[in-house]
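Each chain gets a letter, A, B, C, D, E and F, in the order it is written, and its residues are counted from 1.
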Amino acid sequence: MSRSVMMSDLSWPEYKRRLEEEDAIILLPVGAVEQHGYHLPLGTDWIMATEMSRRAAERVGGIVAPPVMYAYKSQIRSGGGNHYCGTTSLDGASLIEMVRDVLKEFARHGARKIAVIDGHYENEFFLTEACDLAVRDLRYDGVTDVRILKMRYCEEISDEVLEIAYPAGYPGLALEHGAVLETSMMLHLFPHLVDVSKISDDPPADFPPYDLYPGNPDWVPPSGCLAPAHGSSAEIGKMLVDEFTDLVSGALEAQFRTAQTAAERKVS
Amino acid sequence: MSRSVMMSDLSWPEYKRRLEEEDAIILLPVGAVEQHGYHLPLGTDWIMATEMSRRAAERVGGIVAPPVMYAYKSQIRSGGGNHYCGTTSLDGASLIEMVRDVLKEFARHGARKIAVIDGHYENEFFLTEACDLAVRDLRYDGVTDVRILKMRYCEEISDEVLEIAYPAGYPGLALEHGAVLETSMMLHLFPHLVDVSKISDDPPADFPPYDLYPGNPDWVPPSGCLAPAHGSSAEIGKMLVDEFTDLVSGALEAQFRTAQTAAERKVS
Amino acid sequence: MSRSVMMSDLSWPEYKRRLEEEDAIILLPVGAVEQHGYHLPLGTDWIMATEMSRRAAERVGGIVAPPVMYAYKSQIRSGGGNHYCGTTSLDGASLIEMVRDVLKEFARHGARKIAVIDGHYENEFFLTEACDLAVRDLRYDGVTDVRILKMRYCEEISDEVLEIAYPAGYPGLALEHGAVLETSMMLHLFPHLVDVSKISDDPPADFPPYDLYPGNPDWVPPSGCLAPAHGSSAEIGKMLVDEFTDLVSGALEAQFRTAQTAAERKVS
Amino acid sequence: MSRSVMMSDLSWPEYKRRLEEEDAIILLPVGAVEQHGYHLPLGTDWIMATEMSRRAAERVGGIVAPPVMYAYKSQIRSGGGNHYCGTTSLDGASLIEMVRDVLKEFARHGARKIAVIDGHYENEFFLTEACDLAVRDLRYDGVTDVRILKMRYCEEISDEVLEIAYPAGYPGLALEHGAVLETSMMLHLFPHLVDVSKISDDPPADFPPYDLYPGNPDWVPPSGCLAPAHGSSAEIGKMLVDEFTDLVSGALEAQFRTAQTAAERKVS
Amino acid sequence: MSRSVMMSDLSWPEYKRRLEEEDAIILLPVGAVEQHGYHLPLGTDWIMATEMSRRAAERVGGIVAPPVMYAYKSQIRSGGGNHYCGTTSLDGASLIEMVRDVLKEFARHGARKIAVIDGHYENEFFLTEACDLAVRDLRYDGVTDVRILKMRYCEEISDEVLEIAYPAGYPGLALEHGAVLETSMMLHLFPHLVDVSKISDDPPADFPPYDLYPGNPDWVPPSGCLAPAHGSSAEIGKMLVDEFTDLVSGALEAQFRTAQTAAERKVS
Amino acid sequence: MSRSVMMSDLSWPEYKRRLEEEDAIILLPVGAVEQHGYHLPLGTDWIMATEMSRRAAERVGGIVAPPVMYAYKSQIRSGGGNHYCGTTSLDGASLIEMVRDVLKEFARHGARKIAVIDGHYENEFFLTEACDLAVRDLRYDGVTDVRILKMRYCEEISDEVLEIAYPAGYPGLALEHGAVLETSMMLHLFPHLVDVSKISDDPPADFPPYDLYPGNPDWVPPSGCLAPAHGSSAEIGKMLVDEFTDLVSGALEAQFRTAQTAAERKVS
């Protein structure tokens, strides 16, 4: 067995050894099964969250748990909406409960440094609740020294990268669904899953400042992309992947691998 | 009985009459019971959501349902965190279920135009789920013509207002907790609930790009305000209240009071 | 900021100070949004529960938390039934969970003396369960010294008052929905919310000794009042308000403000 | 197989035949496993609810489903409290869900006339919710013609019987726990389960007008009986059993076996 | 009161005394209300589970709690399916929650030796979950010395008995629904509930190696028996009852009544 | 994009096209993250379920949805127990809800032929419940033509294969955890994930005929394998993989790709 950081590849004694001897950080990738336009695959979100977790795990001494692939419902204004064929989502409570259970299991294994790495915007608050409830249940069990870090792998993007990726101006993370960022990253990492010939000419979406239930499909460009993917490239993708790998592994280092006090930890 | 737009003030025949004869829009304010620094009261979020709903209701022919006052847990990076004394929150599932039930009741009354007006950042996705599940349950019951609009009353702020309110630069909505916007609005609307002498000199919060569970109270300025409130004024408050009243009532007009097609509706 | 007993009006440091320095009792009013005939408003139950809590809080050193306004489904034989337009109710589980969460938050704040003051008959056992589950969860967390008192503000009425309010004989609390007691109290406290000209001439309801699901609306007088409200007056209302204020504050004093042993506490 | 009215004794074709050919009413007894003093058995509530259901079923053409034996938590002021050894109770949600499921199954079988016969005070509102949710789920399934009657078998007691049973005055149903009524009925029906030599001399309970959580065991007489059982007799028991059999079968006849319109049905 | 082992027959002091002085084992029978062909009653599963528990309880010093009669949905390939009229089942979650609650109550009573005796194949994993969750909740409460044994009363059958019962070869436990084993046991124990004249001539069921949802009723012989009951007899029944009584009481003795270490306990 | 059968690899239009034009069957693999001895990886169950689904999908025109990797708790007598480090499981309700949601999404996409392919023994009844509840919810939505086939990929093994794999006699599927079957299949398919040098010499497990909660780890061989894996080989693995591929694709063909009537379908 080669030196894999993927939990599924490890025997239980090896997994246990890394927790005990290497103080391994457990990374739980969370993605989605969600339409990403004509040119990207349905698995984009969980594939990227897993790959970014893997890269960070290799840097910081981590183990990547099997990803949460089914996740919260795509919303019109951030992911095109849950009416698309192929988008496959969970009720909020189902996602909360699954992640809550899994986090508690890692703690039972002895893990005290856990990270939830999210790649799907709509998951955020359900993951928040899962972390909060796992911490509460663990406290009921007398376990109070677990720390769970939760972040989106793309929480911050530098202006330098944005200027290169979006020479005409960045539309904002809200519209980055199936657009230049995701397409470029996939072109860099998994080009065989991208069909650039299918990139849509849809204009960027223009949403009112509210949501509607049931959602109105007419608000969304037919492709499901909220901003154009033209201009994507593997080069831009590499820049983003490198930047996000730094971001995630930097956060894990800062929180779990330094001797800073809690108060110092917040200082940039 | 004077012409109140508050549902609690109406007899059931009058409530029914407004739904049937005036095609009234039901507005459900959602807030929080949450610390807002040394100078603002715990009820700030639900008080503001209710008042903004009331103002919009008067313009568009609405009825303001009793507010959801207890809501989702304050988070460190957006509301100071749920460890504060006084902050009183619900589990995500509790909030989802309560709002889901209430929305279905409005539909049973005959309401077909419903708006959820949120004044607490952390509620967003739990309200999303509540709306989605209410629509699903109603569909099970054969009711498919209900439309629920959901928005934050402060979803958009004009640059003009921001420049006046924040002459030194806007820190972003994420840090607008107990700061100039909320303080100014409260000074305009409910000055007796504000104690300007208690405004804290805490510097703005500076958070890492991730969340931690359990949260680290050291990340938060002692007052609980994420940005300074100095410079707040009733004048700024009036500008904001007017702008947000326009925003909410404009959204309701656009969605519920015009003859536009669904496709046209999204054009600004 | 004036000396308000309403939690929503207090800053978090003032709320904390009252708990720590004044050993404040937290009162949680629970009401309903429910039809109350042609002449009383939909908010009657939560408005009254809140006002009675406020009066008791002022006497015993209490803080009134924001009321639970949406509550359990009105029943045919005690509230006219949940089929009325305007009556807006929760599933039992939703009410249990919301109140359970809120009670646990008060305990987290440091409160050890909590009172649930109910103004809606149908809530009783769901509040019982909420209290029981909150106590259990707190015990899981190692907190065993919280005491929650639960009562209806009108749990007992003196014969003297009943004779005055009902010269022709008291129909029993079961039929006191939108009738002389509630109408009189509202006339005393919030006369602008009562329209005496709309008091119905419906005869008192006459129910069989069982419930039926789905309920039969024909069992209920059209107005929704289960007994006539004629004879109501602000004077009767004042007597009732005074009596119930004594009742609630007396219970709080007896349980929370005396040095009696637990055994002595039960003796009238 | 003799002519049993107990569902558990019937083969499925016979059960089906009675529903189809005899339009059988399904009776679901609900009781409790709860302390009943030193002299009555833990099963008193479910045993009585089942026996009263059986007697009514024989009169009105009913089938008695297996009883719900575990039910809602005993309360201090109505059943002595859930701290007793032997009292074995469910969370409210567990009871709601179990009864909801069972009621829906009867409807799937083709039953359209269903009765829930309760013998334990604390169950009432959880049964209400179970009936309400079953009706809702059935409506989702397109089934709208089921009627569920819910009652306590002892909902009404005549003054004649009370005078004989309680020559010194009736303490009220609230304190009738392990007292003259239950003891007498058990003496009439199941004397081998009663040990009259163990009847306690505890005085009647004297409760304050509120509940406390966690409950205070000192409020309850040591035996667990809330009123004395002295004076109980099989003769009084027979009167009660006959009266309650009339009450239950009368309600079933009135609701399910007459041609009255719904409106007429309510007239006594 | 005679020396009954049935919990429902005992007063609370006697129940308590047996737990404290006799270290009684609590047995919880779990059955079903389920079709068992033309010749066996709907209650077969819970009746048998209760009777086998009673026999074991008498041998090992046990108390038989009221049985769980309503249980998990009959499946096509093991019980004929849940589409039969008369089969009355619970959702999985409802069964889990009910049993979880009841197990925790036994522990609150002071019981530390608890056995769940199952007589319905489909219940198995829901009982597993109920036991697991009860143990977890008790751990939250600081109770860690409870042991719950769970078994089917017919977990093992000797070849000797099978050869006599099935001279032409045993079809396997999967098809033993309403067939020779159950019929013979009922003939031995409760012959008045068996109508041998109604035994079906249906051939044994022949199922594909998968389940289908919704189930296909055509897969099941019309009677609902999955294998023929011809050849059943009270004599075979007695052999089985004796063998299973040995099996259950032997398991209880081995686990709860011997001084073996945990490691030794597993050796046959 | 090559012709992948993995849903995550497909764009939404391609996924939609296959459902509409090719009447694709959706296969949902369900596995576990569970210890499999010293020599097999934690992901064995989900890896195998996914691979067997992929092979069947290629034969029958299927699409393999992302696998459910976290699943129900390992049991002592079938998987070694949930106390192992690395075994990562869900509560039963969490698994039910997740799978229920996902199945309903496939139906929303237009899929009418769905298969749940299980590779972890303990999942069975929770998947049963998920299928049953999904069918019920879909029925509420008016969708009644979905068919869900559920099976273990190893539901049947031929005697020929067993004789080769187990020359000394087959211990039964119950003990096949980390033993010859799983090891051989992994050696054939994913040899880089097997470390044959670590195969344990533990004797086969010998369990009593009951379960215990909390489980007794002493019952389980230290490795976690319930039967020895010695004698495993890629050749045996190939035989098994071929046989199970035939079994699964045969079931899908029989149920979804033939014109047989429902009644004929069951005949072998």
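Things worth noting here:
Note that contacts are C-beta pairs under 8 Å (C-beta built on N, C-alpha and C of every residue); 3 or more make two chains touch, one makes a residue touch a chain.
Predicted model only: the values in this text are computed from it and were never measured.
Shared contact partners of chain B and chain F are A, D. Counted as hops between touching chains, the shortest connection from chain A to chain D is 2.
Same-residue interface: chain B and chain C share over half of the residue numbers found at their contact. The distance from the centre of chain A to the centre of chain F, each centre being the mean of the chain's C-alpha atoms, comes to 27 Å. In terms of their C-alpha centroids, the spacing between chain B and chain E amounts to 55 Å. Our note on geometry: chain D versus chain F, Cα centroid distance of 47 Å, whole angstroms. Shared interface positions of chain C, i.e. residues touching 2 or more other chains, are given as 91, 93, 140.
Pairwise chain contacts in this structure: A-B, A-C, A-E, A-F, B-C, B-D, B-F, C-D, C-E, D-E, D-F, E-F.
Interface residues of chain C facing chain E in the complex, by the touch rule stated above, are 139-140.
The residues of chain D lying in touch with chain C in their complex are 72-73, 75, 82, 91-93, 96, 122, 124-126, 128-129, 131-135, 147-151, 155-156, 206-214, 216, 218-219, 247, 251, 254-255, 262-263, 265-268. Taken in their complex, chain B has these residues touching chain C: 1-2, 6-13, 15-16, 19, 33, 35-43, 46-47, 65-67, 69-70, 84-91, 93-94, 97-98, 100-102, 105-106, 109-110, 192-195, 198, 224.
The residues of chain E lying in touch with chain C in their complex are 140-141.
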